[in-house]
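Multiple structures follow.
Same chain, two partners: chain A is paired with chain B first, then with chain C.
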Partner chain A sequence: MEPAVREKPRLLPALWDAAIAAGIAFLLFCLVLGVRTVDGVYGLTLQPRPVLLAVVVGIVFFGRLALNLFWWDRDWRFPPLPFFSRTAKDAKDRAPRDIYRVGLVLIGFAAVFPLLGLVLNKVFGANLPLLYLIDLSILVLTYVMLGWGLNIVVGLAGLLDLGYVAFYAVGAYTFAILATTFGWSFWMCLPLAGILAAFWGIVLGFPVLRLRGDYLAIVTLAFGEIIRIVIQNWTELTGGPNGISNIPEPSFFGLEFAFRGDNTFHQFFGLPYDAIYGSIWLYYIILVMALITNAVTLRLRRLPIGRAWEALREDEIACRSLGMNTTTTKLSAFATGALFGGFAGSFFAARQSFISPESFTFIESAIILSIVVLGGMGSQLGVAIAAVVMIGGFEALRHTDSLQLVFGTGFDPTLYRMLFFGLAMVAIMVWRPRGLVSTRQPTVTLNKDAGSISKDLVSEGSG
Partner chain B sequence: MEYFLQQLINGIALGSIYGLIAIGYTMVYGIIGMINFAHGDVFMVGAFIALISFLGLMAVGVTFVPLALILVLVVAMLLTSAWGWTIERVAYRPLRSSFRLAPLITAIGMSIALQNFMQVAQGARVKPLQPVITGRFEMFAGDNFAVTLSNIQILIVVTTIVLMAVFWLIIDRTSLGRSLRACEQDRMMAALCGVNVDRTISLTFVMGAALAAVAGLLYLLYYGVIDFFIGFIVGIKAFTAAVLGGIGSLPGAMLGGLIIGLIETFWSAYFTIEYKDVAAFSMLALVLIFFPSGLLGRPEVEKV
Partner chain C sequence: MSARGADTPVLQVEHLTMRFGGLVAVDDVSFEARRSEITALIGPNGAGKTTVFNCITGFYKPTEGMITLTQVSGQRYLLERMDDHVINAKAGVARTFQNIRLFPGMTVLENLMVAQHQMLTKGPARALGSLIGLAAYRQAEAEALSFAIHWLERVGLTARADQAAGDLPYGDQRRLEIARAMCTRPELLCLDEPAAGLNARESEELNGLLRSICAEGNTAILLIEHDMSVVMRISDHVIVLDHGSVIADGPPSKVQNDEHVIAAYLGVPDEEVANVEKEVGA
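Presenting the complex of A and B:
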């Protein structure tokens, strides 16, 4: 039997379709991109940019044409990626052990990475930009921890929280105020910060207990904004917009990482001073804190409270009719999520040694939530991968010097970072609505052969 | 007393703008049940389009202000509608059958993208516009305080009332309005009865964006200054207004907008201006505790 002859793509409809798309693009961009407002002597003046407009419209036209001709009726598919399978069958074939193994390998790599880099640099004379890499990893790990913390609220309990950054801020300011006012150390303040954040979680939880779905979302969002506005304006306590500076770094069993002092790390061990030791110590602190978050989450899922969260996510009415106390269940989810947010916050304050309300805007909440959702809600590995992709990719845009060759030296890629970030959120979501790792191990299965839940069954409740 | 009246007037003008934006939120929520987080930024885009087209008209010699304003209104509504349509088509339609959080995330992504697009395209600095509509009535003078009603405030309130009337007619009397209400009640059933659901949803976004464009123009004329970030805080407050009034309810959106505008104005006038947003948001939390489905919203009946 002869292979079926593929019908040639029809050029004319494709051209027509592309022309329509280009026309819409022209409508969209003709004023906001085609004309630039410039400050003049007598107020604003306009400066037309027809070339830029033509280029953008042209890109839309040819892009749409290419999609029409070569992409949408293509007869080949990408081979499925090993850990990002789409179908239920793939998910069944993949043993839960595999995800566990991948997780272990990643944790192992994360555990040895800074030491390995240090050895390579110091002993073998490699010239890795280690300080930068470790700083970036600390940033990513902070978001991994925040993502795992929020995952308890959103992924497990199914409560949509748009104000998670409030707890992050409470933790950061608790440590910063205690440390700069009373001189308390990081390790003393850490539990306090967590407890205080959890307390705020309960305070927020009470009024929203009766709310459902999107009402809950908007109240949590409002709560996040309220906390930020209060921090911004309560100048006596928080320093207002100026923030708090000179926050001490966590010490290494009483040893400081400062260049000079009575009790410094490098003098104690007889090493030459290097800023890298402090960074590596911070790296391990956040790694351990993130892993504790993960371990606690995984354990909680097996306890009655974790089961109650997941049941609540799937069906609140069923929970009530089975006699579950939804009040304590919801409050405990909020409090636990907030606890880890508070821990991460005080780590953030210690690492930055300066905090201001600027760091706790809604955009942070949005980034953390998008990490949770893009990671596939409820999947611990997915959250970690999404954090690496979003934050790491976001940082990578800083170093796009090659783009300057294309767009000229006036091109400043940092301006476009948030633009790409937003578009990437849209693109990833449209491409994989269920998140990067779209399967999740069921917490309880009736028989042992059930395998993992396919993406079609992982639905989030009305919570 | 005079001071109170003055603040009442200011609050109503501000509340009308919030109300116009809130309608966009409430309609989209009513029909597809999602928070269109990018709507505040559509409002911002509308304000920018209004600013640029106004400057453009001035530059080509249309200096008769009423004519220029009408042209700006038409241009802004048309082009902003195109934005609303495109956002729905690109970011929400592919996720229509997906789970509830998916379109919310794309909406947040869209909001970030729109803000930063505008920052890149038009610069981060604030864009001032010299007062276009000047003049004010002195209604009556008290002991040492005169209550004034400026022309722009009259324009805002009149425009809002006219648009609300037109809008109510569209929803209540036209076939488009009928299909819109049908989709709101049951999308599947509406589709089975021959309503083009995709088209109706697109038109919802178009209408919401057009109203946001009007709000953007009014905001530009009222405050005389815009920047790429105005969409965020105004958007949140408009959404708060929609929730306060009962999301899905059009009169509720308008009522919520007025209440939020009044709370904000009175709080700034009598207490501290720094905490006006806190007052508005706390009010939201309080109202939701006692009326979980908003002031004019229908209580949701949960069926198992």
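Presenting the complex of A and C:
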């Protein structure tokens, strides 16, 4: 036998195939797109649209031709992404070091970015839209923190929670009510908000954690909605649909960021008033809160309780056979996740200075969950990257002119957010079903240079 | 006080009955497992071995009967009244599974650390101390780690300590599951078909491991086995189940020659067949 020589894609069959596809497209579209009914003076008339039809059929023809010639017969593959290496072996060799490094670089950048911007603007006279950038970063960091909080429940313990926003709401309303009724400060209310959210996590968890998988997901979904509807209807306490306004911002060691007042930041430091100082302060608060969430999660993973969560995700029956009380273990995961949700919620209330039930709809839960799933369940870095891309990415798109050039001046990409979310989800599920960062770091090793574990072996949990 | 439990059987099963609706899976089974012995529970398919096992380890609640576990200290537990995880945590009964249930995405060492969860979280000093790294917890953790390493060496998995458990070959997974059960420091180790799927050499290693566990005297072994040759070689005491009832109970040599057992495993003996044939005039 002769050695197999790769045949060049043949033009004629490809043309024939594309023609058939175009023919089918023509049949399908000739009535759907080819004619339009117009409600005219003399009743309905048909308006032919041959150009549109031709364009659509042409797209099908050339698209099919291109697929035939260049795609299905290709003998090349996508090169592996430089950092997110695909194979288990690659991941084993380089992931732990790389993840650590990338994490440090990102944290370092996050820590200096507002101050750097401030110096550039004030000293060197650069004209960065710093207020906007910092506000956006605060939003992104809030979602990073929520993602990390939910990661404890979904990524580590493997419990599918579709109602995480409930704890966010509890935290936000706890702070809002305490601050507006008793005038308590942010720093006093923050722990209370977290504890109350964790308490509600336990209250929810106690009856429902005997459910598993889909059933658990449905009940947590319902819980999220129940909390929202209670808030919406308990008008005396929560203000109902009107929400709560005039929530105070966190002070800087007793100094307010207001324009006027007895004890304001800019007067104390003898600076001209600028709204940016308040924003930077908020930025550092949420950055520190998010990093605390991360540090606590990383620490917990190495402790018996964190290992118990992961073991629970891997095999619940085996856990019980080893004497582990799975109910309290699940509850602790739920409560810890809720705790951080509550912290993030009270920060949200302080930052917005106005909250209403509309901020806590199911779509928020869905966004947080998709950040966790896209980033890679259980992976801290993956969740952070997913939050930056999903939340920050769309905002950034809004301010690029290139999309308006393509789609017309009125194009607002944020309106298509859900569409992009869906597309990103599908793409990730096809190419990286375990999320962006798809390795698991062992929590204890004998050898220092032990590699990470491929996610193919790690289970997602079933309840 | 301390030696009171040493003479009594570690496990006493009395009149155990388990019904699933109309099906009687286990019917009035009574037996004992003595300390420092390997007790084997054998029988043909569907004899009710695994059901007895699940009753002992709390995965089923028996319909009738009493299961008593006596620890070395003399402390007695009625297992039929306890939840599955309490049976392990308090009474000290550990088990393995017929189809191995490891934590596949965690490393071999992590599997053994998870098994010591009880020991690491006992008492508020350790549970809370772990969060801030108190000395009490750090000491317990070091102890747990060295115990895990000890078991890694005994089952010969030290070189694979940092590999994912799901990556191990089948025989290693079996041994790891036994090591993991032993890391809960049990009084009674229940093994569900430990030799299933092992080759001759692995099976021989397993026998050595079980013998050594038993010889230390802290842990009694109760095992289910299908393979008669394995059972006859390593067990001190054999209980044969058939159709949910005990049909023989005694040392392997005696059980091996028991005609009920032979009948249950091989069908009726030849002369009986000949007798029946004579009677019907065939």
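Methods note: the second predicted complex is superposed on the first by the 376 of 463 C-alpha atoms of A that agree within 3 Å, B and C clash if a C-alpha of one lies under 4 Å from a C-alpha of the other, contacts with A are read in each partner's own complex, and residues count from 1 in each chain.
One rule holds for everything that comes next: a contact is a pair of C-beta atoms (placed from the backbone, for glycine too) under 8 Å apart; a residue touches a chain by one contact, two chains touch by 3 or more.
All values derive from a computational prediction rather than experimental measurement.
Novice: Now for A:I305: first (chain B), second (chain C), both, or neither, which partner does it touch?
Specialist: Only chain C; A:I305 stays clear of chain B.
Novice: Touch check for A:T326: first (chain B), second (chain C), both, or neither?
Specialist: So A:T326 only meets chain C here.
Novice: Should A:N127 be classified as contacting the first partner (chain B), the second (chain C), both, or neither?
Specialist: The answer is neither, since A:N127 touches no partner chain.
Novice: One more residue to check, A:E314. First (chain B), second (chain C), both or neither?
Specialist: second
Novice: Looking at A:V32 after the superposition, I want to know if it touches chain B, chain C, both of them or none. Which is it: first, second, both, neither?
Specialist: After superposing on A, A:V32 lies in contact with chain B but is clear of chain C.
Novice: Considering only touches as defined above, state whether A:N246 meets chain B (first), chain C (second), both or neither.
Specialist: A:N246 contacts neither chain B nor chain C.
Novice: Based on the A-chain superposition described above, do chain B and chain C contact any of the same residues on chain A, and if so which?
Specialist: 317-318, 459
Novice: Would you mind writing out the residues of chain C in touch with chain A in their complex?
Specialist: Of all residues in chain C, those touching chain A are 57, 59, 84-89, 94-95, 97, 101-107, 109-110, 113-118, 120-121, 130-131, 145, 149, 158, 161-162, 164, 166-167, 180-181, 184.
Novice: Sort out for me which residues of chain B touch chain A in the complex.
Specialist: Contact set of chain B toward chain A: 29, 35, 45, 48-49, 51-53, 55-56, 59, 75, 78-79, 82-83, 85-86, 90-91, 94-95, 98-102, 104-106, 108-123, 125, 127-130, 232, 236, 239-240, 243, 247, 272, 274-275, 277-278, 281-282, 284-285, 288-289, 292-293, 300, 302, 304.
Novice: Using the touch definition from the top, list the residues of chain A that touch chain B in their complex.
Specialist: Interface residues on chain A, with respect to chain B: 24, 27-28, 30-33, 35-37, 39, 43-46, 154, 160, 207-208, 210-215, 217-219, 221-223, 225-226, 229-230, 232-233, 317-318, 362-363, 366, 369-370, 373-374, 377, 415-416, 418-419, 421-426, 429-430, 433-434, 459-460, 462.
Novice: Considering the complex alone, what residue numbers of chain A touch chain C?
Specialist: For this pair, the touching residues of chain A are 299, 303-305, 307-308, 310-311, 313-315, 317-326, 440, 442-447, 450-451, 453-455, 457-459.
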